[in-house]
Structures are given as C-alpha cells and as structure tokens.
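The structures come next, written out as structure tokens.
Here come two complexes built around chain A, the first alongside chain B, the second alongside chain C.
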Partner chain A sequence: MLTLERRPEPNRRVALLTPIIAVVTTMIVGGLLFGALGTNPITAIETIFWEPLFGEFAFYYRPQLMVKGAPLVLIAIGLSLGFRAGIWNIGAEGQYIIGALCGAGVGLAFYPTESWLIFPLMVIAGAFGGFVWAMIPAILKTRFGTSEILVSLMLVYVAEQFLASMALGLMKNPEGFGFPGSRNLQQYASAHNAELFTGTGMHWGVVAALIAVIAAYVLLNRHMLGYHIRLTGEAPRAARFAGVNPTRLVLFCLGTSGALAGLAGLFEVSGPAGMVSIDFNVGYGFTAIIVAFLGRLHPVGILLAGLLMALTYIGGEIAQSNLGLPAAAIQVFQGMLLFFLLAADLLTNYRIRLARTEAA
Partner chain B sequence: MTFTRRFLMAASAAALGLATGAAAQDKTKVGFIYVGPVGDGGWTYEHNQGRLAVEEEFGDAVETVFVESVPEGPDAERVLTQMALNGADLIFTTSFGYMDPTINVAAKFPNVKFEHATGYKRSDNVSTYGARFYEGRAVQGHIAGSMTESNVIGYIGSYPIPEVIRGINSAYIHAKKVNPDVEFKIIWAYTWFDPAKEADAAKALIEQGADVILQHTDSTAPQAAAQEAGNVITFGQASDMAEYAPKPRVSSIIDNWAPYYIDRVRAVVDGTWESTDTWDGIGAGMVGIGEISDVVPAEVKAEALALKDEIASGAYHPFTGPLKKQDGSDWLAEGESADDGTLLGMNFYVEGISGDIPQ
Partner chain C sequence: MDLTAISPTLLIASLMVAATPLLLAALGELIVERAGVLNLGVEGMMITGAICGFAISVETGSPYLGLVFAAIGGALLSLLFALLTQLVLANQVASGLALTLFGLGLSALLGQSYVGVKPPSMARLDLPGLSDLPFVGRVLFSHDPVLYFGIALTIATWAFLKFTRAGLILRAVGENHTAAHALGYKVVRVRILAILFGGACAGLGGAYISLIRVPQWTEGMTAGIGWIALALVVFASWKPLRVLLGAYLFGGLSVLQLNLQAAGLAVPVEYLAMSPYIITILVLVLMSADKSRAPASLGRIFHASS
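On to the complex of A and B.
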C-alpha cells in the first residue's frame, strides 16, 4: 500500500523538477483526452508544442509568443512579489483594465496632436491607473483589516462595468457610427505601441516584461526589501521580530503588482488590441496567477512559464483549426497544467512510501 | 481494452485524414471564427449551423475549419492570420468585435476573401453582412402587445448599440399599435451570453409586473425564469429555443445564415466573389420567425403572419411614419420610411419609451 510520509525538509531537487513533471504528465493525460476525442494524440501534442516553434509558419508564431506572453509575464512578476509574502492580489485583471483606460484616455485626449511626449505620458498614466486601483484593497487592508483577496477580486467586476461604460460613452469613437469602442490607437502614430523592429513581435510591453524580470530578480536576491518579502512569506513571526513593517510591505506589494498590471493593460490597448472595447480584457490577469505559480514565483521561472502558457494558447488555436479539436479540450489541457503542478508539489514536501500492510 | 481499441482507431482515422488532405489540394478552404462556443444555443450555434450547411451543400469540394470562443482583439487577429497562412480561401468572421482584426489581416492577405458580420468597414477583399432582425422584432412586438394583460413588457438588452436599440424601437412601435397602453421596461445586461445575469434580469422584470419578456441575449435562462414564474411568455432569440415551446416560448427570431454562406462560398468556388455589403431580412430568408405556438390566439397568430408576409414582400417597412423621437421631435412623416443609414446608426428611442439609453 502507498503512504505519504512528510519529508523532514522540502526537497529542493524535486521542487525544481515539479514543473517538468507537471508538463510531461499534462502531455500524457492530455494526449489520452485528445485520443478519446478521436484525434491522434501524437499529432495533437506535436501541433500544440512543436508547430508554433518549428513548424512551417514559425516565422509568424514565434513573434506572437512574445506578444501573447509579455502581458502574462509582466503581470505575474508583480503578483509573485506579493504571493511570496502571503499578500494575495487576485484582482490584476481589474488593474489591467484601469491601466489600459487611463493610458488610452491620455492618448485619446491628445488626439490628433502628434508629439513624441504622448506615449511616455500614456505609460505613466497606465502604471498610475493600475497602482491606484490596487491601492483600494491595500489601504482597506492596512486600515480596516479587510481581505485583499475579496476586495481586489470584486474590483475586477467594477472595472469591467467601468470599461463597458467607457467603450459605450466617453471614449466611444465619434466617427464610429454609434458603434461601441474607441478610436484605433494603431492608426494614431503618437499613441501607437508599434513593433520596435518589424516582424519580431517586440513592442514596448515585451521590453517592459524583460526589465521586470531582471528587476524582480535583483530585488529578491540583492535587496533588503526582497529579503523582507521572502522572510515574511517563509517565517512571518521571525519577520516581525526582524522589524519588517507589514503595512509598508502590503502597500509595496499590491502597489507594484497593480502598476505592472496597469502597464500591461496600457501596452496591450495601445499596441496589439489597439482600442478600448467592451470585451477588451481577455483574462490575462487571472491566467497570470497560473503563470506565477507555474514559474515557482521565481522571476526566471515566470518568464519561462509565461512563454509556455502562450505556447499552449497559440498551439491550441492551431489544433482547433487544423485538427478540429473543441476549444473546451484546449482549456481542459491548460487547466491540467496547474492541476498537475499542484499535485506534483506534494512530492516536494512528502515522499511516497511503499508500506506493507499486515494481514489482520 | 476498449480504450486501446478506440485509441488505435482514432489514430488510424487521423492518419487517413492526413492522406486525403494531401491528395486534394484544389479544395476550397473556408474558415469560421466564432466568439462563443458552438454549443451556446444562440448566436454562435446558428453560425455553426451555417457552416454545416456549407459542408452539406458542397461535400468534398469544400473543406471548412473553425475556431470557437476567440476573444475579440489580438487573439482574433492571430487566429485569422493562422487560417490565412494555412490556405483558407474565404474566412467568415462572425462577431462585430472582429472588425479591425479582419481589416488588418485582410490587408496582409489580398488573395484571401473575408466576410465580416455586422460591421461597417469594408475593403477589396472584405465584405460585410448582417440581418435585419428588427423585422422579426416587429412581429414579436405585435404578438407581445396583443398578449400582455399587465400591459408591461420586459426587455433584456445586451449592450446599448444601434442593433439592439433598433430592435427595442421596432418591437415597441408594433406593440403600441395593437395596445396603446403598453409600457416597456428595459434592463441592460451588458453581456451577449451570461445565463446567470440574464436570469436575474428576467426575474427583476417579472417582479416589476412584466408578463412578456423579450430578450436580445443568447441564452435560454430568461425562458427558464419565465417558466418558473408561470404566467409569462417569451420569444426565442437567435435560435428557435423550441425546448421551451409552447409556453413560455410562443415564437422566436431565428438567424438563418445558411443561404448566405452557401452563396458566398459558391462565389469563391466560381471565382465571382466581390466585396459587397449585404443586409437581408425576412424576405431573403436570413431572418426566420419560429413556429407561433397555440398559446397565441388564432386571430393574433393570423395577424402576426400577415405582418410577416407584408414585411417579407417589401410592402411594409417596420419603421414607417408618422413617428416621433423620444424627445417629441419629428422623425418620419406620414408614409415615409426610415433610410438604412439612420437605422444603422440608431441611437435614440421612439416617442413613448421611457428611460434613457445608457451612455
């Protein structure tokens, strides 16, 4: 009979291996699922993981990986700081929306003036919008002890209503024949977050994501504040004795994650998406939570996890179109990834023992 | 054991599929991109029925592919590019929010034809198409106005956009014609498809005295809420929703894209495809009126069908004067009918509807 035995110390080697175990298990079980749906599992897995990277049209998909992965990484980096300290910002989706609205609002207010100053102003407004939206749960938590999980999550729905109102009202394109949605910022040079080099997918959001990865790495490993974050998460009592100020930590973690989510929203609305529309947000803020955990809350891990997640999205679409797999099967496949990761996590803290049961 | 066998069968079937795919290079490939799941029972379901009709019509000469639940925005642009790269000859983009992505991708693939539903941007290789659902709303309004006893008709709006406002106006005008005391209560759900929100809206309207519920959202949740409440009637939206007939569902507006899709695919096969703007209604068969159930008295049913026939033949336009706007200003003079431009951008209520259009 199998029993679980607690390890005296979490196994570090296993901790690093679990994401790989999770990915491989997902491929196997997902393959079985695809097989049951009547698709050759090998072809399906190959389509999802190989096709976008090395297939016939990889020249198009590789840059798209960055476009899809950048907002995920940018948001997940911010979330991981808080998650490490036990501060749970679940509302990045809302901060993403508000960041996009503030940034786009600045851009649209200047239309049609052309100036190189406009885009930097939009970036600042985007970060500020996300920051302010995250400060609501932060201040309520530090002042009144409310749960930042609930407040930040509820504010997502508030932000969504706000977005709909903007797309239908204030920011509606005056030349849009009454249809909802703002002007397309892709057609307004000063506000357009264009590709920096044509055909590479590299836009300012990708650059910001890479900078965030490096900054988070430095912060966590070389900086006192990073040490405090890690200490608070691993040993809250010890952190208090070491003089960590919990209020400041909450404000910092929520504020930073909000600002980064706001930036992600701004880069998206001014670049790939182009316009404020009712359904502008597509769940990056929630998917980033999976990315943060899949990446072990480590900056480099998050970078890889974000790219992997983007790969499953892009590969999943190819599988739908070329193999006729239903969207739900692809979503199950993505869900499995987190599920198996959490399951495999068990092995970090426990080991499986083959115990002999004695005959009664 | 069974599992292994299915597994092997699946594998060999896929291998076979690959082989035939390689053999027939000159097949016309048609792509569809959907905003919801094909099983939504409403909007996307009907577009997918159109796709299946294309497969049925052309058999082996045409291959169709689709991707469902694609968010409007950059994801749509990527899926469209992917379809174009993989050799699609014609792509139907079936939601308003796919407008700019469609135009962007079409510019990169001048040899691929695109058909965008319900938008207003066209180019050499992008056509637009939509349906005059307001014609069906006129028939609904007639039945609703005749049937209501409380004189309160509830309306679940999705988003305050011209398409939806047109429907409200059309239904109101025709309800008012048969019942001058009728009053419309409108709730904006801010969603196209969200069963929980739609059920809430329906319940709220019923509590406010509505005994007829009209909906411009796609789920059957309002039908279920009406059934639970008892003496309330509803109409199927986008799809027939016949599982709620004969009551609460007394009739429906059905989107019928099949004839148009078959036409356009044939044009590509024949090489006669041109960029056009199509806005068809009951007459062309794009808007269908679902079976009017026996809950509706025979004379009301006969009147409704007569109205439907008049609209279909073009003898009657649902927006015919004299009509005033909500603020009392004149809109259409006696006998004058609305032009398409005004209808497409409609952002006002007609006289008699209370409340404001949210901004």
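On to the complex of A and C.
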C-alpha cells in the first residue's frame, strides 16, 4: 500500500522540479482534451508551444511574448509577496482596472496638451489607483478582521461596473461618433506607452516588470521585511514571537500588489490596448494567480512562468485561427496547469513510501 | 422615475426566485465549512452545474434530468478539489481558486454550442385553490419545485446538523480534526463526502440560474453569485436557517436593484448593478467582528501522521 511520509523539511530540488512535472502532465492531458475536441493533439501542442517561438511567423509573435508576459509578471510578483505570507489578494483584476482608469483619466484630462511630464504622471496615478483599491480589503482586514479574499474579489465586480460606467460615460470619446470607449491613447503622443525599440515589443511595462522582479528578489533575500514575509508564511507563531507586526505586513503586501496591478493596468491601457473600453481587461489579474504559483512564488520563477503563460495565450490564439481550437480550451488548459502544479507539490513536502499493511 | 411600476407581489415572488441559487450554493458550502474545509471553488462548480444542467435539459428535453446532471457535474468537479485537498494535501485556498478558474474555462468550452438556445421550461407548481389566492397564492404557491426544494433542504440541513449522529460527527471533524481522528472517525472520508455534497448543491444552484431564473446560457453567467454564497455563509455564522434569511435578503436586494433600473431611477445602471457586491462587503465587515463561530479547524490540512 502506498503511504505518505512527511519530509522533515520541504525538498528544494523537488520543489524546482514540480513546475516542470506539472507542465509536462498538462501538455499530455491537454493534448488528450484537444484530441477529444477533434484536433490532432501533437499539432495542437506544437502550435501552442513551438509555433510562436520558432515557427514561420515567429518574428511577429516573439515581441508579443513581452507584451503579454509583462502584465502577468508585474501582477504576479505583487501577489506572490502576499501569498508567501498567507495574505490572499485575489482581486488583482479589480486593481488592474482601477489603475488603468486612474492613469488613463490623468492622460485624458491633459488632452491635447503635449508634455513629457504627462506619461510619468499617468504612471503615478495608475499605481496610486491600484494601491487605493487594494487598501480597501487591507484596511477592512486589519481594522475589522474581514476576509481579504472575499472583499478583494467583490471589488473586481465593482471595478468592472465602474469601468463600464466610465467607458460609456465620463471617459467616452467626444469625437467617437457615439461608439463606446475613450480616445485612443496610442494617437496621443504624450500619453502613449509606445514600444521603446521598434519591433521588440519592449514597452515601459516590460521595464517595470523587470525592475519588479529584481526588487522582489532583493526584498525577499536581503531585506528584513522580506524575511518577515517569509517567516509569517512558514511559521506564523514564530513570527509573532519575533515581533512581526501583522497589520503592517497586510498593508504592505496588499498595497504593493495593488500598486503593481494598477501599474500593469496603466501600461496596458496606454499601450497595447490603447483605450478605455468595456472589455479592455482580459483577465490578466486572474491568470497572474496561476503565474505566481507556477513560479513557486519566487521572483525568477515568476518571470519564467509569466513568459510560459504568455506563450499559451499567443499559441492559443494561433491554434484558434489555424486549427479552430476554441478560446475556452486554452482557459481550461491554464486551469489544469494550476491543478497539476498543486498536486505535484505533494512530492515537495511528502515522500511516497511503499508500506506493508500493518496489523490492526 | 415611476415607483408605482414596481409591484410588491411580483417583487416578493421574484425575490424568492433570485434567492434560490444563492441559498442552494450557500447551504452546500455551509456543510463543507462545518466539516472544516474551505472550498473557494463555489463559483466554478456553479457555472459548471449551470452548463451541465442546461446541456442535458436541451438534449433530453427534460429540465428535471438536467437538474440531476447539474448536481452530478458540480459534484464531479468538487471531487477534483477533494482529491487535491484531502488526499494530496494541497493548500485549500489555492485549490479552490484553481477550481473556479478551471470551472469557468470548462463551462465556456462545454457551452459554446448552447449560446442563444432556449431550454425547455419547467412547469410551475399549481395547487388548485391555493395558487389562486390573491397575493399569497402568487407569492407563495406558484413557483417551480426547485424553490421549495431549497427551503426543504435548509430545514433538512438544520435538522441534520442539530439532531443526527452523522451531523455531530461532521461538526466534530470540523471543530477538531485531531480529536475526531483519535475517536476513530474517518476525517478524510467525512470531508470528501461533505465536499461532494457542497459540489452537488452548487451545481444545482447554477442550473437554477441557467434553466429557471434567466433562462438561457451565457458565458460567465453566474457573475459572482458563488462568491456571494461564500460571504453568505460567514453572514449566517455557519447556521442553516440564517442562510435562508441571508439569501432572501440578498435576493431581495438584487431584485430591487433590477426593478429600480427598470423604473428609471436617476442613478446610472452601473452603480445600481454594483450595489449587491458593495452590500456584501458591508455585511462582511459587520459580521466579521465575531469570529468565534467559525469551525475551529476551518481551512487546516489534516494528515494522520501529524
């Protein structure tokens, strides 16, 4: 009979291996799913994972990897800080929307003035918007002990309604012939988050994501606060005896993740998306949760996981147009990845032993 | 705006309809949480139930068969959660989130060919005499059978937890799994059964939305009702009868909000539409002062070795 035996401490080598096990298992099971949908599984997997990187049109898809990966990494880095300490911000999608609205609002307010100051102001406003939106669950948690999980999630729905109201009302393009959506920020030079080098997909969001990765790495490995975050997650009781202030930790983790999600929203709305419309958000805030776990809540891991997840988005789109694979199939694929990852985690903390059945 | 356009009879009748999916899902989650498990996948199980029930109803023409399969679909999805958290000992918060993300994707995939299809309708209960009574008849005695099932399930859940031995064991497992294990109760088995019940209830609640309340299929149509159901369990301090009260309160609010939209209140539609979520947050704040009623082992991983 198989039994589980708790390891004295988590096995770090296995911890590094689990994401790979999960990805491979997902490819196999996902392939079977695609097969059941009437697509050749090998072609489907090849289209999703190979085509964007080395296929005929890779020159077009590779920059997209940056464009789609940056918001995922940026949000996931913020989430991972909280997740490590057992603080669950699952409303990043809402903070992303509010950040985008605040940032775009500042940009639209200055239209048509041209100044180099406008974009930095938008960036600050975007981060601030996300921060404020995340402070709501943070303050309610520290002040009243309300579950940050439920509050942050409820605020996603509130933010979505608010976005609809803005896109159809206050921020609607006055010269838009009645179409919903704001002015296109891509056509407003001072507010446009343009590519820094043409054809690379590199925009300010990518830069911010890389800075976030490095900052999170330094924070977690070299700074007292990062040590407190890790301590709280791994041994809450010990953290309390060591004098870690839980209130400060909640405010910091939620605030940082909110600000980063807000930034991601701003860079998206002023760059690739271009304008505030009802559905400019495409669920990065939720996918980032998968990215954070897939990256083992480690900054470098998240960077790799973000790129991989961006790959499934791009590959999924190709598979959609070339093979007629439904868009939802990719969503299932991404959800499955998280399942297998959580299951594979067992191997980190437990050893599977073949035990003789003991006499009762 | 014209407030006279809102008929109290219709308002109360539709309030009961709006409350039923919430009630079903919240009752399921209540049992799960009383067993000491936090399943954040309610939204995912609801939407999966919604499409399973819808598809089976459309294919077979029988809404009842659809409801049965919705419960089965929800339970099957929750089985994944049960495997992850009870056998593979994964983190419950993360597994619940995974369940929701996966369920949303899966339902969208299954539901592709059902967009815009009209499901077979379910006959309303028609009691000669009672249903014809003025006001009371319309409000209380002319609904679909599932609505009454929801009320009956509330009472059954209450009685189960309060009076039966199995209910006592369930509560023991939720309050202190180590002690329950020492007494010889099968903690993992009890919890898996509770999770399956929760999944079936959530699936049924989802199918109620797609088959009776709306009735049609659109992607992501549960729109956070699963999450509100989770909040409702906290609101109800983990007590079944209070879940009923809470569900009717929330149902009333969402119906009133829709009626005000229709009556042309001078507030933009979007702000009315966000009100149920804001009220949920307010209620959570009011109720979270007292944490003592939560099952003591809620969300903790159990492994017999530790």
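We take it that the second predicted complex is superposed on the first by the 353 of 360 C-alpha atoms of A that agree within 3 Å, B and C clash if a C-alpha of one lies under 4 Å from a C-alpha of the other, contacts with A are read in each partner's own complex, and residues count from 1 in each chain.
Here is the rule we go by: contacts are C-beta pairs under 8 Å (C-beta built on N, C-alpha and C of every residue); 3 or more make two chains touch, one makes a residue touch a chain.
These numbers come from a predicted model, not from an experiment.
A.B. asks: Judging by the criteria at the top, classify the pair chain B and chain C on chain A as clash or fit.
C.D. replies: The answer is clash.
A.B. asks: Look at A:199 in the shared chain and tell me whether it touches chain B only, chain C only, both, or neither; answer first, second, both or neither.
C.D. replies: neither
A.B. asks: By the touch definition at the top of the document, which applies to A:335: first (chain B), second (chain C), both, or neither?
C.D. replies: Only chain C; A:335 stays clear of chain B.
A.B. asks: Between chain B (first) and chain C (second), which does A:169 come into contact with in this model arrangement: first, second, both, or neither?
C.D. replies: Once the two structures are laid over each other on A, A:169 reaches both partners.
A.B. asks: Contact-wise, after the overlay, does A:268 reach chain B, chain C, both or neither (first, second, both, neither)?
C.D. replies: Only chain B is touched by A:268; chain C is not.
A.B. asks: Just to be sure I read the superposition right, which of the two partners does A:157 touch: chain B = first, chain C = second, or both, or neither?
C.D. replies: Once the two structures are laid over each other on A, A:157 reaches chain C alone.
A.B. asks: If we overlay the two complexes on their shared chain A, which of chain B and chain C does A:145 touch? Say first, second, both or neither.
C.D. replies: Only chain C is touched by A:145; chain B is not.
A.B. asks: When the two structures are overlaid on chain A, which partner does A:277 contact: first (chain B), second (chain C), both, or neither?
C.D. replies: Once the two structures are laid over each other on A, A:277 reaches chain B alone.
A.B. asks: Between chain B (first) and chain C (second), which, if any, makes contact with A:64: first, second, both or neither?
C.D. replies: So A:64 only meets chain B here.
A.B. asks: Does chain B (first) or chain C (second) touch A:10, or do both, or does neither?
C.D. replies: The answer is neither, since A:10 touches no partner chain.
A.B. asks: Considering only the listed stretches 3-11, 21-29, 39-47 or 345-353 of chain B, which one runs into chain C in the superposition?
C.D. replies: 39-47
A.B. asks: Under the contact rule defined above, give the chain A residues that sit at the interface with chain B and also at the interface with chain C.
C.D. replies: In chain A, residues 161, 164-165, 168-169, 326-328 are touched by chain B and also by chain C.
A.B. asks: Contact residues on chain A for chain C in the complex?
C.D. replies: Per the touch definition, chain A meets chain C at residues 4-6, 88, 90, 136, 140, 144-147, 149-151, 153-158, 161-162, 164-165, 168-169, 286, 289-290, 293, 326-336, 338-339, 342-343, 345-346, 349-350.
A.B. asks: Show which residues of chain C lie in contact with chain A when the two form their complex.
C.D. replies: Residue positions touching the partner: 40, 80, 83-84, 88-91, 93-95, 97-98, 101-106, 108-109, 112, 219, 223-224, 227-228, 230-231, 234, 268, 270-271, 273-274, 277-278, 280-281, 284-285, 288-289, 291, 303, 305-306.
A.B. asks: Flag every residue of chain B that touches chain A in the complex, lowest number first.
C.D. replies: 3, 6-7, 10-11, 13-15, 18, 31, 37-38, 65-75, 77-79, 81-83, 85-86, 96-97, 100, 104, 120, 159-162, 190, 344-347, 358-359
A.B. asks: Which residues of chain A touch chain B once you look at their complex with the stated criterion?
C.D. replies: Chain A residues touching chain B: 32, 35-43, 57, 60-61, 64, 67-68, 161, 164-165, 168-169, 177-181, 184, 186, 268, 272-275, 277-280, 282, 313-314, 317-318, 320-324, 326-328.
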